[in-house]
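Following this message is one structure expressed as structure tokens.
Chain naming follows the written order as A, B and C, and within any one chain the residues start at number 1.
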Amino acid sequence: MDFGSINPVLLIASLMVASTPIVLAAIGELVVERSGVLNLGVEGMMIVGAVTGFIATIETGSPTIGFAAGAFGATLLSLVFAFLTLVFLSNQVATGLGLTLFGLGISALMGQSYAQLRTPTSPRWEFFGLNELPVIGPILFHQHPLVYLSLGLVAAVWWFLRNTRRGMILRAVGENHDAAHALGYSVLATRFAAIAFGGACAGLGGAFLSLVIVPQWTDGMTAGRGWIALAIVVFASWRAGRVLLGAYLFGGISVLQLNLQAAGFAIPVELLSMSPYLITILVLVIISSRRGRGAGHAPAALGRSFHASG
Amino acid sequence: MTALLEVTGLTKAYPGVVANSDVSFSIERGEVHALLGENGAGKSTLVKMVYGLVRPDSGRMALSGSGYAPSSPQHARRAGIAMVFQHFSLFDALDVAENVALGMENAPSKNVLSSRIRDVSERYGLPLKPDRLIRDLSAGERQRVEIVRCLLQDPKLLIMDEPTSVLTPQEVGILFKTLAKLQSEGTSILYISHKLEEIRRICDEATILRLGKVVGTADPKSTSARDLAAMMVGEQLKVPTAQDPSFGPVALELRGVSATPPGAIGPALKSISLRVRKGEILGVGGVAGNGQDELLGVLSGEIRSAPESVRLNGASIGKLDPVARRRLGLLTAPEERLGHAAAPNMSLTENAALSGWLRQGMVRRSLIDWRKAKAFAESVIATFDVRTPGTETAARSLSGGNLQKFVVGREILQNPEVLVVNQPTWGVDASAAAAIRQALLNLAAAGAAVLVISQDLDELMEISTSFAALNEGRLTDVRPTRDLDIDEIGLMMGGAHGLDVTNV
Amino acid sequence: MIRLEKRASPSSLWAYLTPVIAVLATMVAGGALFSLLGTDPIVAIKTIFWDPVFGEFAFYYRGQLLVKAGPLILIAIGLALGFKAGIWNIGAEGQYIIGAICGAAVALAFYPMEARWMVFPLMILAGATGGLLWAMIPGILRTQFNTNEILVSLLLVYVAEQILAWMALGPLRNPEGAGFPGSRNLRQYESAANVELIEGSGMHWGVVAAFIAVIFAYILLSRHLTGFHIRLTGESPRAARFAGVNPNRLILFCLGVSGGLAGLAGLFEVAGPSGQISIDFNVGYGFTAIIVAFLGRLHPIGILLAGLLMALTYIGGEAAQASLGLPAAAIQAFQGMLLFFLLGLDVLTNYRLRFGREAVA
């Protein structure tokens, strides 16, 4: 086969772009899950972020406001989840599913009259001509600001969980909420904050999708990226660094299959289109079987409701 | 001089129960003060109020003479009160230093903290490595983490909730030395227990609670255990009576069973062999977390092993599931009442069917006859004096002791040929515990083989005819109970295995 | 300060009341949403909930009610069994698609043979088997490798959608369709058509299957040992293992039944109301059925009622779209909202609200 038509430098540069929504959503969900909450509504929060970001950009003309609006919209939605699961003690799996279903519906509703529009593009950063360098120029020094932000967030989350007292409290809450409560830490406040952070990250990822990658609004445009992000948290064994690895792996496959489609290889288009999902499943299987009992590094209190009883 | 802590008229009510009613007592500086009472007497609620976890409905507290109304555990810690919990407040996936830091108000940097942990743990004879993960520690080591966490804050008052329930007799000795050292340094200790001998050994003063009220105070060193028990229970206890045991042929046999249960952190079983004869009660002692749950699992069929390694009346049953084992007459009652022996949200009728459908003939052509299930639940309730509004009540709404009577009774009433119970009287009040023990004795007298796994040594000494101990997944040799004294038992529990003990 | 206090036993009164209150609350909140969109909320609610059953054109809509409720109920019954046991198959949409493809493929293979006695039963068998096998993928991955069935079943929906596109454009395309995507219309092939059984009622074989599924599920859950084990596993997995339940067998059973029923729903849809395999054949029944299952409190009779109610919102939504210009997506949001209210109010079944000072600092 002839891969000559595929430029590896552009491939890497574009996989970083394609992976960014998933990096953002996954790092947010990682924090949520480390606090002991399983929010299956990532897909719903991402798409709400995508639509609110898009609308805000159209209405104001500013992509920056758009990104902020995307993060805000998804945070609002995540707070619905937080209220239902933390205060009303609803089942986290069911509520997360509800969040996704609701998010898909409400985003379609909100985006209806914006479907044919395009937003102003937000410029990429150029580092004093460093972007002119061969190979590493396009990869390292000519990206959208949010790509750098996503990398910074991964590092910040890693540092936060490892080195700060609040990070330690968050891990403690996710590990054993009864003990954390007995020591006087607020389980609810910690989880509220984590869920809101997860919402903001997912919203930012969604807005990046509708403002930079595509860039326009279509119904259901997240196309399962929220679920992929959830899978990547499992793949990463709840460790921040590995989230980046997993997301870039997935982004690489997505970009590669698009390139292969464009290059016109004799592989059915549908098979290429389903390959990212199939490979995600494959990776999940490998990870879960290698760990033997699957639980591995999962936070011990993941998915359990907390109710302080005197 | 004013007392360190003065508690006056504390009252706390929950819907349907008054946990504490008008409780008053005081603790002097350097005093070891016992809070004595049965399970459910209100000890836990009382200390939770002192530690700021629960707010009293009325009453007041004073610390060194000035008013004290803690709004949170942080508040209590700042005021110089520290607490070691009965169910540890530790985090398995975090290391020792992190766990200690979480229990401190102003934790220093990790390096400083680590060296302070080493210092304090050595000074009080409680060795600890700061960078080890909690999940790799034994129960005794975990308790050390809790204690060191408290000591690092130089508390004026240390609260200890049932600290010895997870320790071997030798470890208990170490703990008491630590407490004595603290006391000599002027630290006061509020010591919660229902074990009378311990309290008589180390406490200067005892406040006795029953049903949420103070029923008396005593100097434990000059009061007999019998009198303390009478104050605690409020009635004369019926001591179970064992008939002269006569043993039949071997009913249950384990031959070199090893098991690595899925998902377990605790030790797997290592080559366990034992025999129980008809009419015999074999007591298996040992500190929690040394393989008790796995031993029950291997016997119940929740954990499968090689066919030959588990034998019931000579038949190989290692590969059989719990239903097939019940059909052959091997019944079990796990330790955890809610969530293992019984489903919390299901009714007593449904929970009666859970393990009883086969032998009580409730199922025909795969359909359950719920009337039969209800009738069986009713007979368990009547026979074992289970206090419940009815059979349709959810299991979780019963008190611990009543549910325990139900799940043990459910197995006993099915006429087992072999019965295995884990912690049969855990959390049960004294009279109900006596009733359960009597039922086990009667079962053995009627010819069943009984295996009792328990952490309550007194219980095993009282009812078992032979004794063995579990330690890190290994079982010691089985010895006749009446030949043993408490030191030997301590050695058996503490890990001196088989041959070593006989050589002593 | 409001706080929650655990009830000694779950309240059966609230178990019945919460779905009703949730529906009412959704009407109020949905009305507010509609008025934000510039529609008179009272008219909108009436158009959605009242007119399809009692309005001028009710004779048309009433038939549609069963057509839409059939697949929802059929899928939701299967899902509810799994949900009760804590086994989360959320990929029913994919199983629905694969069932439809398999059933249609059988029909098209026999086209134009005139042997309904053989073709139609074979289609039903193929549809159920297709859905069942598709659901076995997450099932076997879960039991063999302990892979999370939530993620796998959901990701397989996207794979199924790609297979559907491939089928509609490739192997199953109508050779006489002038190159348009999509298969032959099965309604026009007498041996394969899933016909309306009573004129104007909307009753077709899929609806019959749904009613049978409700009855079977009812008996299974209330009387059968397997149903008891399903409930027990959901309440307490460890107690279930103590009782002798084989968790792997139960996972495969629940996923298999729910996949098979979803596949059946897809088959009946493709052979009847929809008529052909096309790229946009699936309309989200597999996801809406999740809401139906919860709204029906995972109880067969409840699911029957919830399925009818949810079908009503579909039909009422279409009517509101036509007469009020209400966007189609509004109904989806409306359904999501219903699930939120239900899950939120569910707390009242197990907890009591107390007003007063907080007990815990």
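Assume a residue touches a chain if its C-beta (ideal position, glycine included) is under 8 Å from a C-beta of that chain, and two chains touch if they have at least 3 such contacts.
All values reported here derive from a predicted model rather than from experimental measurement.
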>> If every chain is a node and each touching pair gets an edge, what shape is that graph: line, ring, star, complete or other?
In response: complete
> For which pair of chains is the number of C-beta contacts greatest?
Replying inline: A-C
> When the C-alpha atoms of chain A and chain B are each averaged to a single point, how far apart are the two points in Å?
Replying inline: 45
> What whole-Å value do you get for the distance between chain A and chain C if each is reduced to the mean of its CA atoms?
Replying inline: 28
>> Need the CA-centroid distance for the pair chain B / chain C, whole Å please.
In response: 47
> Out of chain A, which residues touch more than one other chain, so two or more?
Replying inline: 293, 310
> Touching two or more other chains, which residues of chain C qualify?
Replying inline: 359-360
>> Which positions in chain B are in touch with at least two other chains?
In response: 14, 52-54, 72
> Can you list the chain B residues touching chain C in their complex?
Replying inline: 14-15, 52-55, 70-72, 300-302, 321-323, 326, 332, 334, 336, 339-346, 350, 353-355, 357, 363, 366-368, 370, 393-394, 396-397
> Can you name the residues of chain B that touch chain A in the complex?
Replying inline: 14, 19, 45, 48, 52-54, 72-74, 77, 85, 87-94, 98, 101-103, 107, 262-263
> Which positions of chain A touch chain B when the two form their complex?
Replying inline: 165, 168-169, 171-172, 175-176, 178-180, 182-185, 293, 295, 297, 299-300, 310
> In their shared complex, at which residues does chain C touch chain A?
Replying inline: 4, 6, 37, 83, 88, 90, 141, 144-148, 150-152, 154-159, 162-163, 165-166, 170, 287-288, 290-291, 294, 327-337, 339-340, 343-347, 350-351, 359-360
>> Which stretch or stretches of chain A touch chain C in the complex?
In response: 40, 80, 83-84, 88-91, 93-95, 97-99, 101-109, 112, 219, 223-224, 227-228, 230-231, 234, 268, 270-271, 273-274, 277-278, 280-281, 284-285, 288-289, 291-294, 307-310
